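Note sheet for the following structure.
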Amino acid sequence: METATDIVLLALLAATAVGLVRIRNLFAVVMLAGIYSLLSAGLFTVLDAVDVAFTEAAVGAGISTVLFLGALALVGHREKKPTRTGRMQVLPLAVVLITGAALVYGTMDLPPFGDAANPVHHRVADHYLEETYHEIGVPNVVTAVLASYRGYDTMGETTVVFAAAVGVMLLLGGGARRRRGGAAPASESESE
Amino acid sequence: MREELVLRVGAKVLAPFIVAFALYVHFHGDYSPGGGFQAGVILVAAFVLLVLVYGLEAVQQVLPPRFVQACAAVGVLLYAGTGIVTMLLGANYLGYNVLAHDPEHGQHYGILLVEAGVLITVFGVMATIFYHLAGRGRSE
Amino acid sequence: MMSELLSQVVGSYNYWIVVFLMMTGFYILISRGNLIKKLVGLNVFQTSVFMLYISLGKITGGTAPILVDDPEALYSNPLPHVLILTAIVVGIATTSVGLALAVRIKEAYGTVEEDEINEIEAGIDDRRAPGRAALRGP
Amino acid sequence: MRLGLSLLVPALAAVLIVVFRARPNLREGVSLAAAAVLFGVVLQLHGAVSDGARPELVLAEPFPGIPLVLEAEPLGVLFALVASFLWIVTTLYSIGYMRGHHEKNQTRFYVFFAYAIASVMGVAFAGNLFTLFVFYEILSLTTFPLVTHAGTEAAKRAGRVYLGILFSTSIVFQLLAIVWTYFAAGTLDFQAGGILDGRVAAGAVPVLLGLFVFGIGKAAVMPFHRWLPAAMVAPTPVSALLHAVAVVKAGVFAVLKVTVYVFGIDFLAGTGASVWLMWVAATTILLGSLVAFTKDNLKARLAYSTVSQLSYVVLGAMLATSWGVVGSGMHIAMHAFGKITLFFCAGAIMVAAHKTEVSQLNGLGRSMPVTFLAFLVGTASIVGLPPTGGSWSKWFLGMGALDAGQAGLVVVLMLSSLLSLAYLMEIPMKGFFGKRSGPPESPGIREAPLPSVAALVVTAAACLLLFVYPDPFYRLMTMVTGQ
Amino acid sequence: MRIVDHLPILQVVVPLVLAPLCALVRSRRLAWGLAAAGSVSSLVVSLRLLSAVMASGPISYAIGDWAPPFGIEYRIDVVNAWVLVVVSTIAAAVAFYARVSVQAEVGDRRIPLFYAAYLLCLSGLLGIAATGDVFNVFVFLEISSLSAYALISLGRDRRALTSAFRYLIMGSVGATFIVIGIGLLYATTGTLNMEDLSEILPQVWDARTVKVAYGFLAVGLCLKLALFPLHLWLPNAYAFAPSAVTAFMAATATKVAVYMLLRFFLTIFGAAFSFGVMGLDRLLLLLALTAIFSMSLVAIFQANVKRLLAYSSVAQIGYMILGLSFASVTGLTATLLHLFNHALMKGALFMALGCVVYRIGSVHIDAMAGLGRRMPLTMAAFVAGGLSLVGVPLTVGFVSKWYLILGALERGWWPVAVLVLITSVMALVYVWRVVEVAYFKPPPDDEPIAEAPASLLVPTWALVALNVYLGIDAGRTIGVAEQAARTLMGTAP
């Protein structure tokens, strides 16, 4: 059952991804990207990552879509038809194929999917599962690892979000004024 | 806007529930999926809903841009500050054990504090970004 | 030989589709000229990488790593979940800065299509020094 | 201590020159006084070194084991003596020239002149290859503003060639050779007998030596000689300084020093590594003379003469025999006095008569007899005719060539002497015996200003004196070779 | 516990805490004060860390009191203590420089946020250098990158926006590749701790997954450090960013990326794997030489002096990678020395250009005509920095070049040594182009141009002074770099 859901979800994801490549209406693209996120959230649930699924649904399908739509309202929603259809796609395609081939090559030696004996589950992870209850006393191991064992990562994560806010404020905080002309147009704050 | 009365009322009714749900997600993060980040995102969802229904200006009056910006900064300070407090109490950075009389409670407090930091920052940041993107369209 | 290959395929199919998804995102990112579309591609790319991580953490027959009072319970690996939670947040942060940049580029160039931007930039004459008037300072 | 002074005096002089920039007399006074003091300092060093002392001064230690160090030894003292003495004379000369020629930016001129001398002192007293390299490069930089003094488009182009060749040869070849030496020997110190013996594979020695000889671009061995004629755009005192004293001599001095103290002549003679470079030098000698023949511009002719003469020094070093080294070192001094006399004369002619081409000199000697007599003396010294100092160095070089079993080189030396006699003698001959063509010159042509004439008389006299009394230089050189 | 024991974490957290404070205050001066305080404090901390590590070996700091590999560990050895000193030295100089420069180029209102982003970028870079956990590297990488995108976009030219966007795309691709690499490593070992990884990896060397992980990390890191041919984002980003940002980024960001490369390939995978199994040295040799040669050539033909120096930076990164490709202690010493030395010279050069921008608003080579007389101190600083870039003796540039050539000779790679020297001459050519214009061309009009204010000149000259001082007295830096190189090669005593 698990495996079947897994396969179906992955197939849907693949279909969505192909759609994303082809569609040129950016509204549709953003919506489809939201659907992609929702599907992946579903996949995460199947793979026992409920916290991640929750977050992906909220962020990928929710916040991210809202932000994209907000931006689309400002930049227009139609992607230009590629002018150099023939030539343009060759190099990216080659890069992607090589990268993909390398990854597939790498997965050949990956331990089989879902095997409890995989090295990935030992060394550190089993420690968390065994000790969290004694050391932290929180049943949700993900929370324990997130906020305590690897709490410093989470602090970094918070800082990244804050950095994004600082970046957006720096970029959009000056009020909308069209910049035109040469190499060094006047800045926003001059008007103030 | 009169014909949107249903929406307005609906939003008014819905918003507290969303906030409550966010708080549940936050405080129940120890036991079930969820935590500060998810709660923050849900809060933002409530906020977006309010903006969509009541308009940007109205929401900005209740939640001024400077306030949400300050939230973004305060959350980080809360998180990093927790680490500094544990340092002052004699542990390493973010070593929560010393926050209470026994390690387990200390961990609880610590996690609660830093998750609160995450919540505040995420809400502040997302609201700020939303304000800026949404506000950009109007001032033109 | 054949059966070996088969078991390989069965053991890796999850990874391979994830690789396909990743590469689709990567392809959108590097082949599309529209800046917004690029960001969508980046999102798809990153989300697919998340799937790779989560796939790594899955244990067949396991449950979500929320401890229950059952000594026999088999939990999936919580660490990839934690890492990906962080990565998701980083992703949205990057996206929002990228969107803000795209908005500003639209205001400055009137377009978010890469080839049109390149055309405009090729036409800028560096020699025309803006002079001190362009400076805000004293 | 005195070693430090040898750098400090000119550097301090440069500061004072800036301070007194508004008062030309005081400014030039400072230049002269500093030159005299410096010469005194070097004389004292000479005394100490003659008594067998080897004063040393560590300035800094940039790399562990590779200090920036000054050390006085006979060869360096010889070079320093020549340079510091000629600084006095050149300063005297410049006063007349720069004022007579109404040059602009005279303060800058004197400042960089002083800096150039300071760096020459650094080159002369360098205690290891690293220090030599450092001051060598500083010398290139400090002379650059002198070369481009005029600030014209031509001067700029010349400056580009000047710095381009000097820097690229020193960075690409010389630095590589230095690092190689360090890699092989584990030290860069100058030591009697060399540091490389047995540390470099025999097959690699010719390459390493070649890197040094070509890398020291200031030695102007062909094909890296182009900067020298290009730098002709500089004011004449600069040309005199560059071509007779500071820059070119720093180059050949460095070649000689590397030969003696890094390779060691025994090692070189044993491996035969320098033979191919002897012939490179010989070719430069002949080609330089031939080109000099074709130049009508007086300074250009002198420049190619310098190219040719420098290779005498290089040749002497490459001979890797005691006599060769003695001749090489003596030629540094002798050529310096001879060539600076010629340049002074050329400058004097330019200031007094505004003539720059050889073909314009007909009959001029009768208006400027002192200048042309001095030119004659200088010519004799360059060619190597008695009774001038130049004959000594040619003599020793010839002996060295025979010692090395290279009789063919003796022929080259003779041939080149004949050539230089021909292209240099043309000038005083024209001056004294040539018919003035065209309308009689304006009657105003007289000798150049007194300081300039005094300077060229001093150097011409020195050429003669050195025939009778070459002792100081000879003694120093025998100390170098240990005879 | 004494405060000394907390130095590793304070190194990163102090600027990190000051950043939100900067965003909270409204006063420009206060924000600047916080940024300066943060930079200076990290300089003090990094110097103390370096001396502590030199004296008594690596320091491990368990964050959250969780013993590694279960918690995140900060692990300071000579290598990253050195990098911390590099970054914070430049940060301190730039912080003082920024006060006037940023006000002129960015505008009043955004200044507190600018300093918040500056501090975030700084703490991100310091965090990358300090951490002993591979995933933590990614998190701090993103902190520094996101703030860097924002900082670059603040340039006055509208092309600053597009270059920031391109940098964002390339940087995110790089970061994602790094995440893939880390994921594959984790999949085969089950740990994220660097120390732990380096112990487990030799047992799984043969796995294709490890090799692919290596490849992805290599590509991702090379994107971040702008190794040719993955450098395309860099020239415009440096050319159009505000001057203070260019000086900071050029002197620190790529250096930290080089450090990551060294850390991943030499400490985590180990020199034996990198050079023996993967043949990294040959590949890097090729890329480095191409980078040095082609980018020096491109630099010669640039008309925008900032862009000229940016291309030069790509070439100089080639030198660092070249040192690595020698796979020897001498080569790595050269790399680590050049890491610092290049930061010093490019910092000084870009700051000098910032002074020019402050007065004449342009760094087009034609606009700089006659500046040698109008702004003597600024241009003298430029010349000094340029000479250091060329590698003239008694400057730091010479020191690193010396070790680079020595390393090449040790390997018996003569042509490489010659090529390094030839490219130094190319550096001379592009530096000299600017010098010639500034000193020999008459200024275009008689509009009086004053010398840059002291607040810009003092930090610039401070870096110039370091360029010269550490070129004359290089014993200490060489000693540290050598010890760090030994640590990386695993031959430390």
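Residue numbering begins at 1 within each chain, and the chains themselves are lettered A, B, C, D and E in the order written.
Here, a contact is a pair of C-beta atoms (placed from the backbone, for glycine too) under 8 Å apart; a residue touches a chain by one contact, two chains touch by 3 or more.
None of these values were measured; they are calculated from a predicted model.
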Steps in the shortest chain-to-chain touch route ending at subunit E and beginning at subunit B: 1
Each chain counted as touching subunit A and subunit D at once: E
Chain connectivity with subunit A absent, coordinates unchanged: one piece
Chain with minimal offset from the mean of all protein Cα atoms: E
Where subunit A and subunit E are represented by their mean Cα positions, the distance between them in whole Å: 29
Distance between the centres, which are taken as Cα means, of subunit C and subunit B, whole angstrom: 25
Length of the line joining the C-alpha centres of subunit D and subunit E, rounded to whole Å: 45
Subunit A residues counted as touching two or more neighbouring chains: 50-51, 55, 59, 63, 67, 70-71, 74, 103, 107-108, 110, 118, 120-121, 124-125, 128, 139-140, 142, 146, 148, 150-154, 156-157, 159-164, 167-169, 171-173, 176, 179, 183-185, 187, 189-190
Sequence positions of subunit E contacting 2 or more other chains: 16, 19-20, 23, 63-64, 106-108, 135, 139, 142, 146, 149-150, 153, 156, 158-159, 180, 186-187, 192, 361-362
Residue list for subunit C, restricted to those that touch at least two other chains: 22, 26, 30, 35, 56, 64, 66, 79-80, 83, 85-86, 89-90, 93-94, 96-97, 99-104, 108, 124, 126, 130, 134, 136
Chain-to-chain touches, reported pairwise for every pair that qualifies: A-B, A-C, A-E, B-C, B-E, C-E, D-E
Interfacial residue positions of subunit B with respect to subunit C in the complex: 31-33, 37, 122, 125, 129, 132-133, 136
Subunit A - residues contacting subunit C, complex: 2, 6-7, 10-11, 13-14, 17-18, 20-21, 26, 29-30, 33, 36-37, 40, 43-44, 47-52, 55-56, 59-60, 63-64, 67-68, 70-72, 74-76, 79-80, 82-84, 88-89, 92-93, 95-97, 99-100, 103-104, 107-108, 110, 112-116, 118, 120-121, 124-125, 128-129, 132-133, 139-142, 145-146, 150, 153-154, 156-157, 160-161, 163-164, 167-168, 171-172, 176-180, 182-187, 189-190
Subunit D-touching residues of subunit E, taken from the complex the two chains share: 390-394, 399, 402, 405-406, 409-410, 417-418, 421-422, 424-425, 428, 432, 436, 440, 471-475, 478-479
Sites on subunit C touched by subunit E in the complex: 22, 26, 29-30, 35, 38, 42, 45-46, 49, 52-53, 56, 79-80, 83, 86-87, 90, 93-94, 97-98, 101-102, 104-105, 108-109, 117, 121, 124, 126-127, 129-138
Complex contacts: residues of subunit E adjacent to subunit B: 1, 6, 9, 13, 16-17, 19-21, 23-24, 61-65
